[in-house]
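Below is one structure. I have some questions about it.
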Amino acid sequence: MQDENGAAERPLWEIDGLMMKAGEREILAPLSLSLARGKVHGLIGPNGSGKSTLLKVLARQLAPSAGSVRLEGRPLPEWRGRAFARKVAYMPQFTPAADGLSVRELVALGRYPWHGALGRFGDEDRAAVDGAIRRTGLSAFEHRQVDNLSGGERQRAWLAVMLAQDADCLLLDEPTSALDIAHQMEVLDIVRDLTLAGSGMAVIVVLHDINLAARTCDDLVALRGGRLVAQGACTDILTPETLHAIYGVPMGVMPHPVSGAPLGYVL
Amino acid sequence: MAEMVLATGGRRRVAWTWLGLCALAGLLILAALLRRPDLPGDPETVRRLQEALLWHSALPRIATALLAGAALGLSGALLQRVLRNPIADPSTLGIASGAQLALTVCLVAAPGLLAWSREGVAFAGGAAAVGLVIAMSWRRKLEPVSVVVAGMTISLMAAAASTALILARGEYVLSVFIWGAGSLHQQSWDGAIVIGTRLALGALAAAALMRPLTLLAVDDASARSLGVALVAVRVLVIALAVWLAASVIAQVGIIGFVGLAAPALARISGARTPSQILWRAPLVGALLLSIADSLIQVSAGSSGDLIPTGAAVGLLGGPLLLWLLPRVKTTTPPQAMLRATTPRRAHPWRMVVMLLAGGLLIGLVTLTLGRNGQGWLLAQGDLFADLLPFRAPRTLAAAAAGALLGAAGALMQRLTGNPLAGPEVLGVAAGAGVGIAVVILLVDTPGTLLLMAGSAAGALGALVFILLMGARTGFGPERMLLAGVALGCLCLAILSAVFAAGGWNTFLLLGWLAGSTDRVGGLEALLLAGATLLLLAPLPLLARWLAILPLGTPVSRALGVPVVGGRLTLSLLAALMTAIAAFFVGPLSLVGLLGPHIARLLGFGGGVAFLFASAVIGADLLMLADWLGRTIAFPYQIPVGFFAALIGGPYLIFLLQRGDARHG
Amino acid sequence: MSALSRRTMLAFGLAACAAPGTVARAAALPRVAVIDWALLETLLAMSIVPVAAAELVLFRAVAVEPEVPASVVDLGLRGMPNFEALRMARPDIIFNSAFYTQIDPKLRLIAPVETLSIYARGGRPFTRAEEAAHGLATAVGRPEAAEPLIRQTLATLERCRADLAARPRRPVLVINLGDPRHFRVFGPDSMFGEVLTRLGLDNAWTQNTSYSASAPIGLETLARFPDADLIILPPVPPDARRLLPGSALWQALPNVRDRRTYLLGSMNPFGGLPTATRFARLLTAALLTPGGNALG
């Protein structure tokens, strides 16, 4: 194991020679990269590029065919279930029906990694749940049933579960895919704000829309056909050449009329 | 996978395989035909008799096997197509059981109706069953697993009702048993002609409906946009399939799972388009049933067939379902999950206490109020003390068994997220039944202890089997549910084969199926109550797993819940509860389904309170059923198991189709 | 009804053997309850009237005789008797057979249980029925009551045998129709099979059928016994009654064509000595009636 300083210097995630195969088909080619703390990382790429698979491997939902993934320098298989869940929170692309739970009950489930099956639900847990509900702006809904909420509210409730989990790293798989533009902003702004306070928290989010990703993320990882095409700051990625390499269609880039940030568009 | 293998160069092999199978069927038919009995008597009589046997028994039997197989194959293919469900068939949808129940009811209550139209009666029963199954699984968008689980539930209810009738009016038992096991013996061409004409009409109708059937392959919305009158086509096709199956059942009884196997084998042989499957499935069905029946004939001893053909084919059903499991898509689209409508109770534990108080009240009534030959009687003083040794154990046993079933049902429904999942369909209880059947067949007059051991062994065997099946998929709840249903089918097929033999010990088995609390002794009741407390005690400790596991594998894993271990623990607990309870009230009571649904209707949303509410409701229900069963037809007793099923079943169907209790 | 059945017995010359002094000793009899039907009919035939017995509604329909006096309390189903009704009948002794042995522990709470089984592996039902009669009589403190019943039964069988001697020697096949396509047959080790032997008749079915009837057999198997007279025991299912007269196979059977099928009155296939008597009597009467009577 690493001592405190050593762990702080290393990147949070180190991915080395990661491969994923389904039968004969290669979903992830040998892939090596590292992801740092304190940033929002966007995983982008066309359909079938392997970005969702990569996220699932990080979340330990899928076991890789070859290669290694280290979290804080420690290989993933060595982490025990709850210890890992205290470090990493994951939200699947399709969140399940919450089965009659109220918002507060659902969010409280996020404390499982801390108290386990039998431990007491203490003040600390209560505070974490309160905080998560407040930060996602769900205080008015906390006793409503999750299944009766609107899509955006429901997505925020699941985000609150992850926040209550008090993990160092959040993994989000297309958290906005079923939402309209206003609700997309609502969710992504919460995500955006997580890393701002210098909390050292890392977020890795799979996003379909390149401009949404550029607006939300500090750092983009672009995949195509299971291979790493580019990694870097948004301004580095959003160039006509790189975008063409990622998406395979000719694309242009122009500055945002108000913020001046680069915007990609199809030619 | 099979298709992939066949795509290259395999076609010729398939053709040869089919040719070989046809040749085999032909040879077996010949062998069966050549196996004529030696008849005594003068040559002229013998010649005339042999002729009569050939023309009126042997040939009709061959024709009936071929035609019935084809009709069932077509019926199964139609059902699978219209429901988009690879495990739909007349058996899994409860059509066979419904038809049999209708025939049994008529046999006992209105024999005249049978003389008028057996087929009509069977059709009405089958159509009612499939209607109920569809109503029950409608809210789950007719998703395959739910449909089959609903079918199993309906089959169990029909079995309970049939058992009650048989116990109550024993005269025509044998003919009911023969029906149940499906025998192809013939004494005229009538059966073959009836099935043949239905098959011909059915094939014509299927051909006419081919185009809309092809379009049904796409989803509803697309089919509708293509101009298909969805509802009309579906109703027509289902009615056609039920009619085909009902005509076979009316003639020869229940022939299980040909309708399941034929389309599956047709697909393996390379049939891919709907029309290919619809044409090949009847051929495969005919071949299958013919081969099976010829084998039965060739192997028959001088005192008749070893087992009836229907039961023999039924035995293949279980393994076949298991084999088909990986092909069943069990993912429910997220939007199919429904929103809760029942308002949640603010103080659930208060309600649990009220339910407990209600239970105590019911207990008080069952202990004191009874009947004698003259009328109702409130037992006090000496009479109370006199009757207590008889009333107390059965009341306690009913309460304990009800609590176990209610809790097991709540566990199962939470675990599978399927509101149709009751412990009864898990196959554990039916496994216990097979254990008891084995004991009864081996030992002439088994005592309670031996029966209990047999039941425990059967339940344990079933449990191990289901867990083994589950282990392959990380104890995925849907798979385990299906494995349970498959095992349940297998066990019921075995039981109906035992019934078909019609020995006098079958009544012992019937008595067990019916469930009886009245032979429970004081000590046994206390032990049962102790076991109940022991099994209910860990539930609060499992509350968090129970809250998280229904959210699915990704979320559970993300939160660090041991998914496999958790599911294994919970399944084991539910199965143990079911096995113990089933010994006392039989496998048919439906209390395990009913308890959780009523709990939900009362506003229990989940958590430990929900589990305990389900348990208490189960206990209350069974105590009530036990008391009613004891008093309503005094001195004749209605077994608690099917009394509960008979009052609970219709209510359950009402609840499910109303949709109040629809979220898992 | 009671008088009628006595008269029937008289007609067969049985009443002469009835034990004298039955009425005088009846007062000393213990209160008897009985679960098993074979024991019930044996008790009744020995003029020992139980206070309670099981499933009397069906017994009166299936076993028909002996007549059950109205004073006997019905206990409900045999496999599931109502213990409360039994308790309130306050029996001194309960007779049960091994078949319903699982309820013995409960029965013992009410009164001592005496188990007597006529149908069990390795036994001959007729012999066991005689033993059961002795056992019952001894248990109620009237050991001498069994002998007259046994004597009556044997006398009836002897009489029937003599009556049948004049009949051309043909085997008989005792069957029960399950539906229009299936039948069960009673083998030599069944009660009926034993009675056939004692009547000097040949049972066409020579294999044992585990002391009752076989599993259902296809109707075509009847063709193997063209010589046998067909003895059909009720119940006959309605559709068998309806369809068989029009069935080509059924009509082709020599026994049907020659009107050698005989439908007897209802009887309990698991009966005791009275059932043996009833079977012998009804069978003899049927076989001696010229021209069969059943399902032509």
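All chains are identified by letter, namely A, B and C, in their written order; residue positions are counted from 1 within each chain.
Operating definition for what follows: a contact is a pair of C-beta atoms (placed from the backbone, for glycine too) under 8 Å apart; a residue touches a chain by one contact, two chains touch by 3 or more.
Nothing here was measured: the structure is a model prediction, and the numbers come from that model.
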{"item": "Arrangement of touching chains [line / ring / star / complete / other]", "value": "line"}
{"item": "Best-connected chain pair, where connection means C-beta pairs in contact", "value": "B-C"}
{"item": "Separation of chain A from chain B, taking each centre as the mean of its C-alpha atoms, in whole Å", "value": "45"}
{"item": "Separation of chain A from chain C, taking each centre as the mean of its C-alpha atoms, in whole Å", "value": "81"}
{"item": "Centre-of-Cα separation between chain C and chain B, whole angstrom", "value": "37"}
{"item": "Where chain C touches two or more other chains, by residue", "value": "none"}
{"item": "For chain A, residues contacting two or more additional chains", "value": "none"}
{"item": "Chain B contact footprint on chain A (complex, rising order)", "value": "59-61, 80-86, 88-92, 94-102, 105, 109-110, 112-113, 116-118, 145, 147-148, 165"}
{"item": "Interface residues, chain B side, partner chain A - complex", "value": "334, 337-340, 344, 417, 541-542, 544-545, 547-548, 550-555, 557-562, 605-607, 663-664"}
{"item": "Of chain C, residues touching chain B in the complex", "value": "58, 62, 73-77, 79-85, 87-88, 98-99, 101-103, 105-106, 109, 117, 119-121, 176, 178-182, 184, 207, 209-210, 212-221, 223-224, 226-227, 235, 237-240, 242-244, 246-250, 252-254, 270"}
{"item": "Chain C partner contacts - residues on chain B that touch it in the complex", "value": "37-41, 45-46, 48-49, 51-53, 55-58, 107, 111, 114-115, 118, 167, 170-172, 174-175, 177-179, 183, 185-188, 190, 302-305, 308, 370-373, 386-387, 389-391, 444-448, 451, 500-505, 507-508, 511, 516, 518-519, 521, 630, 634-637, 639"}
